[in-house]
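Note that subunit A is present in both complexes that follow, paired respectively with subunit B and with subunit C.
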Partner chain A sequence: MSGVVVTGWSALTSAGVGVDALAKKLALAEAGQVEKGQEIGDLYEEPLPAASGHVLTSFSPREHLGRKGTSTYDRSTGLAVVCCQEALREAGVSLDDEARPRIGVVLGTSLGSFKSTSDYTRETLVQDKPYLVNPMLFPNTVMNCAAGQVAIRFGLRGVNATIAGGTLGFLNVLRYAGNAIDRGHVDVVVAGAVEEFTPHRAWATHLTGATDVVAPGEAAGMFVLAKENTPEWAGTRQRAGVLAVATAYGPGGGDAAETALAGCVSRVLAKAGADAAEVSTVYTGEVEDDDRREYGPIVRALGHSPERVMVKRLFGECDAASGAVALGVLLAEERDSGPGGLSLLTARGADGAVGAAIVRRYADGGPDRG
Partner chain B sequence: MTGRERETRLLLTGWSLHLPGVEGFDGAPPEKAAAVLGRKGLLYKEPSTRLALCAVHRALGFEPGQRATGPIEAGTAVVACSNLGNVETVAKVTRAVEAEGGRAVSVLDAPNVSPNVVASTVALWFGFGGPNLMLCSGSTAGLAGLRMASLLLRSGRATRVVLVGAEPEDEIASILHDGPLRAGSACVILEPWREDSGHAVVDFEQGEAARTVGPGGFDVKEQWGDFYGAHGVVELALAAHLAVVEGEGRVGIGPRRPDGGPAVSVAVTDHSDEMGSP
Partner chain C sequence: MARVVVTGVGPVSSIGIGIAAFAEALRTGRSGISPITSFDPAGFPHRNAGEVQTFDPGAHLRRVDPARWGRSSQFAASAAQLAVADARLDLTSVAPGRAHAIMGTTSGESAVAEALTAQIIADGFAGQDPALLTQLPANRLANAVSEELGLSGESLTIATACSASNYAIGYAYDLLAGGEADVVFAGGADSVCRWAHAGFFRLGALAKDACTPFDKDRAGILTGEGGAVLALETMEHARKRGATIYAELLGYGVNCDAIHPVSPDAPTVAECMRIAHRNSGISPSDVDYICAHGTGTPVNDLVESKAVIEVFGERPPPISSIKSMLGHTMGAACGFGAIASTIAIDRGFLPPTVNWTTADPELGVDPVPNAARPANVRVVQNDGFAFGGNNAIVMLGAPE
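Moving on to the complex of A and B:
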């Protein structure tokens, strides 16, 4: 892929709905702070591994979208649809009959809605006969439910894809979306990732040992991506440029994955025609200072130690959506990015999957494209 | 041989053509799939899923009715190519919802409205625990599948890839395809290229071929009909058959160039001569 620009974006995080809530939380946070999240309260009846987590406590899709068409949404679908609405609005995309067929949706996830899938399966076991299960809830059990509902809600008729990439989900999405734009399948992609907070995910994160340092969380982040010379309907500002994305696989994890990640960093620099010295900040999926599974290979590839931002400390373990939260933080933060002003987003999965994206943020919403 | 072959070649350890009504490659039609697969577990399986299962069954060299036993094969990936496999069910379910409401839909239809049912059913049926992909990318789905298989093997994500293509020929599918379809399926089993073994290889390098499958050579679409999403896999399996069983040696795939060579640099070649094995 060649680079794409971000003309607008939004994020739903434990800080609240939208860009402003995220920016406000970042402005108040202290460096290196680890947040345990909010009291979950009576959101779920089922027992939870911990009383707090990174949840949007009072989130209701109806409040943002109205009653019509939202009754069968599960939580992740609601988060995705609301986030997309906010992102399109923020970018100033004019959704008319010319634009709709040229806009695609690419969404990252780990499992879709784990809750919807397991609740549905459970129903087939506890009901008297399997056919008493409510078929209207079936669409929620497929992974591409959220991406599909986003497209239906806003009439976005371009490429519609869901990428189940786990930790790498969002980087896979950026790469896929960039390719779809590059090859002319669409002019614009609403690219993002979503992960819901449910007892199912909370227990899964807890039992796999991922919650030792940070609590599980939920988030959605959506970014309106376009070519630099895209028609005006796609939004007239450039917030950032996603210059290049690379993914790789180091079989078995370990040293092979370290080498693969260092290779990804070198590749994105080469593709972007950038100098390693220009990279001032890296956004990694790590949570502790002495954890260098991503930072180590980055430093090795760059030849210097850029500032490291660990977004999971503030927003929790959001799995596939953590990458989207990282890009949101990158765009929302009041950060003096230094000469060059390039940032890297990286991810590393337990199986040896790795990836990196290189992003340039434009100050004050960037040059006017109009 | 050097490292270059490892990048441009894949070992082809099994293949099958399951093309109901095609002489020489005939296979049970979907409604008679039990003759190949055995009776159990076929209820509510769609035609394209049944065809895909038959093709994989035959590519693995299973006897009629034989079932996979033993542990899950974590290193075996499934890449399935089919565009219209589930559209009849989607149309049926949509019409039922519109006419009589959601309660009129049979829950047993539910898995079949999801397009990836072909890939997941193949994995569950045969116990393949590796990566599982479904490609619905139009006429080129088969070749896209070959590319995916190559990436999975070269990156070490899988040690074996079952690449299967299947397409039905129902009314809804034909309307959406804007032309007649031919039901059929094919399967090739791919492994990373190794120097000391194998019978056939898929070679991505250009090379003069004894025969070509595709326009200008044996044109599958003209001779047999349009297998759409399965077309690319049908061509691959046919090329393997011609190269090995009919002793053609190297068979090119794709339209023939003016100078006589295949335009697409995918060729299936009998590996046994090169290896000096009997």
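Moving on to the complex of A and C:
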């Protein structure tokens, strides 16, 4: 694939709704004020494995979207739709009838809303009549619910793909979306990932040990992607270039996955025509300094040790959405990107899936294309 | 642009496992519908589904340990193993990183999700089995294929509901045509589950005994399951190794209704057909057969027929629904459709719509009722539509 540009974006994180909230939290963290999540309070009646997490405690889709059409949204869907609205607005996309068939949606997840499917199943097991389930909520049990509702809300009629990638979710999305643009299926993709905080996810991450070192979190991150020469309706500023994305698999995990990850790093450098020395920052899925499951193979592939940013320390374990949060942090930070100014986003899954993307942030939002 | 061909198919279905059994079942119009055994259907007024009751993962899997993977992943990996065998492909001869696994699904490891829900009800959230929780993420479907076949290329699971396999085959087409792959295993998998059975019933979209697409008295779907994987290669790669080429993958089209979560829209579906034709370089008059989405619900079959007539005119090509035999295999459905389309081209017959009794004058299509029909099939349109308004259509052609 050739590269794509980000013409606008938004993120919903435990910092709040939107880019400014994210930037504010990063500034606080820079000043040494790191939080390990917030009190979850009475968000759910069910017991939780911990009292705090990286949660949008007061989030209400209606506050941002109004009542119409939102009554059946589950939490994932609400996060995704609000985030998409913000991203389209940030990019300045004009949504007319000519543009809509040329705009796609590609959304990453682990398995959609486990709460929606599990609650639905529960009804079939505890009701006297097992079929007394709510038909209005049935669409929430399929994994593409959020992407479908995003399309419905904004009338986006191009490719509408939901990518179940788990930890790899967002890199899978960038790869798939880049292909869809490159091959001419659409001109623009609203690409992102979402993961909700529910008792189901909190317990799943807790019981599988995923959150031993970091609190569970929720987030959505959506990015308006277009070709460099895309018409003006796609947004007039270039915030960043996603120059190349590569994903691969190392059967059996372990060494094969490390080799595959190093291979992805080499491939994105080659595709982008970049030199390893230009990479100044890597955004990885690790949490602790001595965990080098991603950083190790990256350093070997690059031949030097760029600065490592571990966004889960600030925003929790957001699974498929963690990569989207990482790109948000990359774009929001007032970081001196150094000579070359290239960044890598990487991910490594529980089986053998790995991936890398190479990104260049344009200072001050890039050239005005108007 | 490289040309893309189908060199192997791996169906794991209620009407047969492997190409020989599956093709024979299509030719004879065999039904795979039976009383549900994978969950306790007591209390449900309707109790039939298309379960793969003879499935024995141990008979197919060499590297993937069934104990560590959910049923849908087992279907995916088994179907991939069958596709490799059918393609007579020695994977050690493919350059590392040039072979990929792209799988579609609606509900991923739905049986695992249900088992965990039963544990939550019995013992609370803390009572869930961590080993089961590790089987839950849906990306494991493609990973199971990559593990089983030892693939080091992309491993991607597309969860675009009931059009997901066509999405997967379409993305595979792009990888191959664009020079980023030599071989791709693409298709889909899903498992029969209690929640889908209940949900379709409450939508009024579940048939009692049999699925009767395009019939005047059609009453809805029956849920089904299985794994469907195609071995896709560039024509150059296939020719170089002397492979048998079943069919050519001509291209695909995708779009989204963006109107309603469950109710399909005929004009957008028609537009998706036009996109698929345009991307494949064919015109409607080239199409000999449409492998329908054909769920058997009153609205789907009406909308699909309307779209077909809008695109093809008053005398459209024959359109049959293999869901009449398999039930609705959800994320695997388009994969089975692509396999049936391949077999139709290779073996020269149209699979029938079984259980058909009464014409519906409102539809105006030829559903190939009840008996397979000999035909010289040069171009097939394989339809897929999904919740969320996600349309995906794949075009297959006879090899040249």
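One rule holds in what follows: the second predicted complex is superposed on the first by the 364 of 370 C-alpha atoms of A that agree within 3 Å, B and C clash if a C-alpha of one lies under 4 Å from a C-alpha of the other, contacts with A are read in each partner's own complex, and residues count from 1 in each chain.
Basically, a contact is a pair of C-beta atoms (placed from the backbone, for glycine too) under 8 Å apart; a residue touches a chain by one contact, two chains touch by 3 or more.
Note that this is a predicted model, so its numbers are computed, not measured.
Engineer: Using the overlay on subunit A, decide if subunit B and subunit C clash or can fit next to each other.
Structural biologist: Pair status: clash.
Engineer: Now for A:Val159: first (subunit B), second (subunit C), both, or neither, which partner does it touch?
Structural biologist: In the superposition, A:Val159 contacts subunit C only.
Engineer: Tell me which partner A:Pro251 touches in the superposition: subunit B (first), subunit C (second), both or neither.
Structural biologist: Once the two structures are laid over each other on A, A:Pro251 reaches both partners.
Engineer: Can you tell me whether subunit B or subunit C touches more residues on subunit A?
Structural biologist: Higher number of touched subunit A residues: C.
Engineer: For A:Val105, using the defined touch cut-off, is the partner it touches subunit B, subunit C, both, or neither? Pick first, second, both or neither.
Structural biologist: Second partner only, subunit C.
Engineer: Please indicate which partner A:Ala27 is in contact with in the superposed arrangement: first for subunit B, second for subunit C, both, or neither.
Structural biologist: neither
Engineer: Using the touch definition from the top, say if A:Val133 reaches subunit B (first), subunit C (second), both or neither.
Structural biologist: both
Engineer: Between subunit B (first) and subunit C (second), which, if any, makes contact with A:Ala204: first, second, both or neither?
Structural biologist: Only subunit C is touched by A:Ala204; subunit B is not.
Engineer: Could you say whether A:Val142 touches subunit B, subunit C, both of them, or neither, answering first, second, both or neither?
Structural biologist: It touches subunit B and subunit C both.
Engineer: Looking at subunit A, which of its residues have contacts with both subunit B and subunit C?
Structural biologist: 124, 130-131, 133-135, 138, 141-142, 248-249, 251
Engineer: Considering only the defined contacts, which subunit A positions touch subunit B in the complex?
Structural biologist: Residue list for subunit A touching subunit B: 124, 130-131, 133-136, 138, 141-142, 248-249, 251.
Engineer: Could you list, by residue number, the parts of subunit C that touch subunit A in their complex?
Structural biologist: It is residues 42-45, 63, 97, 101, 105-110, 113-114, 116-118, 120-121, 124-126, 128, 130, 133-134, 136-141, 143, 146-147, 150-161, 167, 171, 174-175, 178, 193-196, 198-204, 254-262, 268, 271, 386-390 of subunit C that touch subunit A.
Engineer: Can you check the complex and tell me which residues of subunit A touch subunit C?
Structural biologist: 46-47, 49, 100-101, 104-105, 109-112, 114, 117-118, 120-126, 128-135, 138-139, 141-145, 147-149, 151-152, 154-166, 168-169, 172, 175-176, 179, 182-183, 185, 199-200, 203-204, 207-209, 247-252, 256, 260, 263, 349-353
Engineer: Under the touch definition given earlier, write down the residues of subunit B that touch subunit A in their complex.
Structural biologist: Contacts found on subunit B: 102-103, 105-108, 110, 113-114, 155-157.
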